[in-house]
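What follows is a pair of complexes built around chain A, which joins chain B in one and chain C in the other.
Coming up: the complex of A and B.
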């Protein structure tokens, strides 16, 4: 699980162009959207694509993303349970 | 042409250099546009993290506008009555190609929302407008080359009809690592008359 969390942090930094950030700057329970990491609605769409591309998870209802993308912890738990690749 | 308007200031980004009113403010010898523009962002103390999410055309337009507007000492908390009229030749082709590449293979079809949102040239106007609270008129024209006559007539019209107090105007061309930005601020104040001849003259400097 720790390896998955580190992989997620590195992918998020790269995919969302979070310049000058490293995986160490993101705590597992940091809130990703809003006042936390400051991600926006386009970033949320990018994360949905990332789930599909990297882990074979298709979110049927984008509203599900709100809970899944709350933090690295919630993302990793959802991916571990639902991944097909 | 009405000569009561002036080119208050102008910025040029070309050949690894950035100048404001012909005075060089940044130089970085590299052929890599991203390396150049990121170095400029840091050197010019821009402090706007969303810059890194922009496509290349928006990065170019944003830095050119930032150099010009920073010089105006605008209050970032107040809405500015400045129209934005930009133009180029390649439109958003640089990002269009990137998007097209992402959807080319049906077996590996993962269009990026963050790329797709930049597949229009006027998005760069939005980026400038958000940072500087420019909620006035805006237009983006596609020409084969800088069309000083069209831009001057259009800008004068905006000012004469009180659609805006000033116009941020010019050319922002980018395709791959080839880039050329020439932005200028048209105002009722300034020393250079806002004429087609003067626009062309400044562009050719």
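Coming up: the complex of A and C.
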């Protein structure tokens, strides 16, 4: 699970072009959206595509994203349970 | 009609030109066929949250516009008019490559929404909170001139008091690769100081952003008056000299009263003949100035030409590096600019001391 969390952090930094950030700067329980890491709705679309492309997970209901994308912990738990690749 | 003045300037180019306290005193000499801009510290001007979605061209445009606005002493403008020949090619390349690489699957929005040509103008407006007229001209080698002409006409008719006008073009890897394939970029590396002696086809590609605040009121710090501007989609090489004379006469200026001519020579043996027609005839004994050996060629490189002309007129200094011939000229009151790219999209501009 730790490897998956590190991979997620690195992917998020790269996909969302979070300049000057490293995986160490993101804590596993940091809130990703709003006041936390400051991600927004366009980032949410990027993350949905990343789940599909990297882990074969299609989010049918975008409302699910709110809970899944809350933190690295919640994302990693959802991916571990639902991944098809 | 009101007169139009350049009240502030900023150019980001392959030289350290964004700092107006210097004037081409320390030049970077390149030995290349593609040259990139000297980047300002973008983080000093753009919040990180906004900057992370901006490709280089957008950052260049936003920072150049902010610096120009700062120099003008204004907080905002009535209009933002941008010229770009290639638009945001990096993001275009990114999302088109993603379509191909991922077999039209897994497409993400960011690169696409930032890839449109008017992204730079839009981002500048967002940064400034400017809800006024916002227009982007895309017209190859006269993209910047088209923007300048729009601004000039609006200011002359007093439809606006202050307009931010600029040109911006960035380099992208794929764009460079395909321009090399069709020999629009020289196949060999060229030293900056030997560009015009190269006698080969193609040019040295560059990138940059040039932004200006134009007003219809002169102020103490004004650089120059933009007297006239004309663009031509096609112009025969044999008639370029006559057209220059006609253009000057139309504006009641005799060719002999021009103090300098700023030319867009890019070292392409197939197309520099246009410039040679001017430098070997009417403007033979007039101070000739060139700049693409230090900026590279890009569709809006002429914005750097305007920056150069405006700074020469204001400072009355002609940097050694841009002299194409040796004359005794020491006063620069009226300057003619001429530019074309690959024999198409020509422009003449007259700047005058104010």
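To be clear about the criterion, the second predicted complex is superposed on the first by the 85 of 85 C-alpha atoms of A that agree within 3 Å, B and C clash if a C-alpha of one lies under 4 Å from a C-alpha of the other, contacts with A are read in each partner's own complex, and residues count from 1 in each chain.
The criterion applied here is as follows: contacts are C-beta pairs under 8 Å (C-beta built on N, C-alpha and C of every residue); 3 or more make two chains touch, one makes a residue touch a chain.
Source: prediction; values computed, not measured.
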{"item": "Fit or clash - chain C, chain B, common chain A", "value": "clash"}
{"item": "Which of chain B and chain C A:8 touches, first, second, both or neither", "value": "neither"}
{"item": "Which superposed partner A:19 touches (first chain B, second chain C, both, neither)", "value": "both"}
{"item": "First (chain B), second (chain C), both or neither touched by A:57", "value": "neither"}
{"item": "Clash with chain B, by chain C stretch, listed 25-33, 187-195 or 205-213", "value": "205-213"}
{"item": "Residues of chain A that lie at the interface with chain B and also at the interface with chain C", "value": "15-19, 38, 42, 45-46, 49, 52-53"}
{"item": "Touching residues (chain side chain A, partner chain B) in the complex", "value": "15-19, 38, 42-43, 45-46, 49, 52-53"}
{"item": "Residues on chain A engaged by chain C in the complex (per definition of touch)", "value": "15-20, 38, 42, 45-46, 49, 52-53"}
{"item": "Parts of chain C lying in touch with chain A, wherever the complex brings them together", "value": "48-49, 51-53, 102, 105-110, 113"}
{"item": "Sites on chain B touched by chain A in the complex", "value": "38, 49, 52-53, 110-114, 117"}
